[in-house]
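To start, the structure itself, in structure tokens.
Order as written gives the chain letters A, B, C, D, E and F; numbering starts at 1 within each chain.
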Amino acid sequence: MKARIFFLISILVVGGLLWSGLQAVHPFGLPNGTPMDDYFIANAQGEAAANNVVTSIVFDYRGFDTLGEGAVLFTAVISVAALFRKRGHN
Amino acid sequence: MNPLSVVARTVCNLFAWFLAIFGIYVIVHGHLTPGGGFQGGAVVATFMAFLLVAHGGEKMQSWVRKDRFTLMECFGLTLFISAGLLGMSKTFFFNFLAKAGGVFGGVLPIGPNAGALNTSGTIALMNLSVGIEVVGGLSMILLYMFSAAHPQEPMGREESGHDR
Amino acid sequence: MIGNFPYLVVGILFVMGFIGLVFERNLVKIAIAMSVIEAATNLFIITLGYRTGGSIPVWTMAGGGSSRMVLPTPQALTLTAIVIGLATTALMLSFIMMIYRHYGSLDVRDIRRLRG
Amino acid sequence: MNWLDHLPALMLAVPLFGAFIAPLTAWGGKGLRNAWFLLVSVVFSVLAILLWSRVGAAGPLIYVMGGQGWNIALPSGISIPVRILMEIDAFSAFMVLLGAVASLAGAVFSVAYMDRFSGMEKFVALYFLMVTGMFGMEVTGDFFNFFVFLEISSVASFGLVAFWRDRGEALEAAFKYMLVSSLGAMMVLLAVAFLYSRYNVVNMATLGKVIEWGMVEKTALVLFLTALAMKCGSVPMHMWMPDAYAEAPAGVTCALIAVSQASLYGLFRVCFTIYGAFMGSPVIPWVIIILGILSMFIGVSMAVIQKEVGRLIAYHSVSQVGYMLLGFGVGLLALGDARAMADYGFTALKGGVFHIVNYTMYKGLLFLAAGALFYATGSRNLNEMGGLARRMPKTMVLFMIAAAAIAGLPPFNGFVSKLLIYESSFAVHPILAVFAMVTSVLTLASFVKIFQTAFLGPELKKFAGVKEVPGAMLVGMTVLAVAIIGLSLFPTWSLNNLVEPAAKALMDQTSYIGAVFAAAATGGGL
Amino acid sequence: MWTKVLTGFGYWDVYSWLAFFVIAGGMVFFIRSLGRKDYRQGTEQDEIFYGSNPVPEDGEDLKVPASSAYWGYTQALKPFYEGLVGLHTGLATDYAGWYILVTAFVALLILV
Amino acid sequence: MIEILHLSILATILISGFLALWFRNLLSSVISLSVLSLFVSLEFFYMQAPDVAIAEAGIGAGLSTAIYIVALRAVGKKQFRKEGEH
């Protein structure tokens, strides 16, 4: 019971940490210098020939992340299948 | 889970096909309009969820086998990683099809335009493969969880480790 | 007028999720708290990418001349995070189903054969 | 173009490809699946050795995923990579090598150990995915990519921990592991988002170059530090670790150890490379040192009173992680001060790095030996065991090697790294060395306990039919035993060739960052 | 605090350790050779002495279980161990709670 | 005007997130979570991220809810210990 009070206090402290971090982030709607994103917006059509900038990032500029993401989904599917697999030995 | 009434089943059937068509549209137009492999795949998997709800798990399992979905998923991912590996002449994940002519190799004008379906190189290919993978994977999760919700066999400890 | 209100929403969602995670006793509720935390993270990343008055980062829909788009990278990152969140949720719920079969309970106080 | 230039990508592509094909081997029968399992494991081990030797010869490698136009030069003179970079310096290559050896041993062991179970093609796929996640965390130079690989390795390890789903305990352990682990992964993602919002960059090297010490960075550091410390199991966030390690199949645990070392790698990459310039203040180093001391002491105290083999050894993992945290914390304390670094900091780093290799080898061997005991007797409880020395002499010898190494008995390698850590931590404060030595004594005590109750004592009637375990399992254990003996007999070689480059790479913040900018300037980067 | 501490002969010398083991082994064999010469295996000389009671057939009745090991140690440190085992409640939510607790602790240290 | 809409979306997110954790009935909780996802998706749409909005609507509000409901069916009705016993 006593531990739970500490947990509550620490949750509030972590909330305070996040809140102070969020205050230090740029104000809503006004990002400061955005060189990387401006590059993507300017060059998605020229380099990847895709009109959808997000898709060009997902599959070209950061395509490897997407492969990892597919692998996570695959992992979860295989885990669920292994969990509910039919019983019986080899 | 039991099948629903006839009316609900018909509505679900009809609506499910619309979902499937919409999902395929989203996958194919991934590089032009908002959407792509993941979103479209999720929509097509919702089609599977509709059919499952409408017709019940047992009937569904008699129509499709889980092996098919495993095959689909593995095929999609293998296609994806192969599309990455084929760019190996330069580096992994090099977009070797873009602006090279052929099926996917159209060139886009810069600036706001309507775009064309035959552009974007490997992006379209990867959209397709991810779509296949996501449909297979999510349908498999749904089917497995459906069939596990009402287990036919009781839980024992027959396979538990190497206990003698 | 809107100020930093979206950030406040994100912070409150996080704290609510933490409280749910630590003080709930039902496994499904714990999974729900985890989902709330995931939603808060996704919301935060998208919020970072918003530019006031920006347009959709899709050239097909950009209309005429408006080249001031919202940042596309956070959207790509969030797309990945959403799918990962679905994968974790599905696996966690499968674990809960199997645990229920073995332990006959969803109360976290009953799921403690491993301790000490 | 030489195919060896593609090593960083192949390092990840090969196990991923193996995982994607693995479920299809179910149609080819048992032989095909085992062959695939062993083939892919051997291939990625060979690739890891090649990668390590290449990094040792040519310095940090940069590999860009996706080719042309990968960086933009800002007016301020800093270039920002827009694509995903793989960056491998000596420390990364060292960790990859270790992970490959441990996973190879686990794979060879699992072929025989898991032979009786259904769903093995799924096991193989999950095993490869876990290994991919581990390699990816160590190889990548991009924070979001790090998060993705963290998730791959975690999700795969949840599935593997729960693989014996007919045991309620395995599911319970997997669920608990999953709960804290996904919370930690979310916090890592949040920290990445914070850093992105400030600098519009997710590349590690660029972040290390441009970072300043503000509120956002402090928040991100806190989130990274605790999440990664939790993933490598430091007290008091260690409680998932004995559960998961003891309930997972033994071959998996052997690789799981290397996976948790990848989290340790991430922790020190963040502390040394990204935030290295701000470690002049002693707060963060002391936090790490205190976490290390707590882990060492509480872990080993809990281990002494356990009565299950797996849990006992798993609690030792907690205490051994404490040694590494202590060593690296002392090194971090000396990071800003050149004289202190030369006096004791570099020794501490060498001790920490050497302890990583030792720990991975002997702890993997211990878990494999515990798995062999379980395979032969069907019991995990030490109270039920006894007199197995005559029945399983080879397992006993292998277990003895590992136990002597972990306890730091002089002819073995555990002693060397522990000695390095004692000396350097004594220079900081004597009480740290005292704690470390007490931990070492208790470690020896608990391994004497296992050895005495499991192997010595009168022969039991119920174990009259127990035989030595199959050959594949012995081969898997022998791989690690040979590594231990090699490290023990040639400590100077391993310190000079294996450990010192890694420790130097860790200490030298500018080489990791500079490699990216040099590649950007020359337009190279493959 | 900044003093250099070294053990004198560096960190390790495997050959001196090997020499030590050879010498130690020699001494062990020497002491062993001083023992009785009329010892024979398999005779009544190596039978178990069980307090002059009949020796049980199964080893189960002879052996000391693992939980009895270090009984005195755990008994002496009982308060410590009660607290320590009490911390490991096994509740899944507590695991997350400890994680958040440590985060809060580190946050306080860094921010304040 | 549009800001009031934005504010009300954010307020609904908060309320539905709170309700998802507050309800004792698991089904109501899951539905609240679905509403949370739906409004997060609306918020994404407001923030000019239609890609993510489609994904969140399809995955968060659709499939995730379906999986939760399947899991709830599997774990049956008796979900709680008696209250007050701790």
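We adopt the following convention: a residue touches a chain if its C-beta (ideal position, glycine included) is under 8 Å from a C-beta of that chain, and two chains touch if they have at least 3 such contacts.
No experiment lies behind these values; they were computed from the predicted model shown.
Q: Which chains sit in contact with both members of the pair chain B and chain E?
A: Common contact partners of chain B and chain E, which must touch each of the two, are A, C, D.
Q: Going by C-alpha centroids, which chain is farthest from chain F? Tell me that one.
A: If we average the C-alpha coordinates per chain, E ends up farthest from chain F.
Q: Find the chain most remote from chain B, comparing centres computed as mean CA coordinates.
A: Chain centre farthest from chain B's centre: E.
Q: Relative to the centroid of every protein C-alpha atom displayed, which chain's own C-alpha centroid is closest?
A: Central by C-alpha mean position: chain D.
Q: In whole angstrom, what separates the CA-based centres of chain A and chain C?
A: About 9 Å separates the centre of chain A from that of chain C.
Q: I'd like to verify one number: the distance from the centre of chain C to the centre of chain D, where each centre is the average of its C-alpha atoms, in whole angstrom.
A: The mean C-alpha positions of chain C and chain D differ by 28 Å.
Q: From the C-alpha centre of chain C to that of chain F, how far is it in Å?
A: 10
Q: If you average the Cα atoms of chain A and of chain D to get two centres, how far apart are those centres in Å?
A: Between these chains, centre-to-centre, one finds 24 Å.
Q: For chain F, jot down the residues that touch at least 2 other chains.
A: As it turns out, chain F has residues touching two or more other chains at 49-51, 55, 59, 63, 67, 70-71, 74.
Q: Can you pull out the residues of chain A that are in contact with at least two other chains?
A: 4, 7, 11, 14, 17-18, 20, 23, 25, 31, 34, 36-37, 40, 45, 47, 51-52, 54-55, 58, 60, 62-69, 71-77, 79-81, 83-84, 87-89
Q: Counting only residues that touch at least two other chains, what does the list for chain B look like?
A: 32-34, 36, 38, 70, 73, 77, 81, 84, 92-93, 95, 111, 113, 115, 134, 138, 141, 144-145, 148-149, 155, 158-159, in rising order.
Q: Judged by the touch rule stated earlier, which pairs of chains are there in contact?
A: A-B, A-C, A-D, A-E, A-F, B-C, B-D, B-F, C-D, C-E, C-F, D-E
Q: Which chain E residues qualify as touching chain D in the complex?
A: 1-7, 11-12, 14, 17-18, 21, 48, 57-60, 62-67, 69-70, 73-74, 80-81, 84-85, 87-88, 90, 92-96, 98-99, 101-103, 106-107, 109-111
Q: For the complex, which residues does chain B have touching chain D?
A: Residue list for chain B touching chain D: 70-71, 73-74, 77-78, 81, 84-85, 87-95, 155-164.
Q: Could you pull out which chain A residues touch chain E in their complex?
A: Residue positions touching the partner: 3-4, 6-7, 9-11, 13-14, 16-17, 20.
Q: In their shared complex, at which residues does chain D touch chain C?
A: Residue list for chain D touching chain C: 144, 148, 151, 155, 158-159, 162, 165, 168-169, 171-176, 178-179, 182-183, 186, 189-190, 193, 196-197, 202, 242-243, 246-247.
Q: Would you mind writing out the residues of chain C in touch with chain A in their complex?
A: Within the complex, chain C touches chain A at residues 2-8, 10-11, 14-15, 18-19, 22-23, 47-52, 57-60, 67, 69, 71-73, 75-77, 79-80, 83-84, 86-88, 90-91, 94-95, 98.
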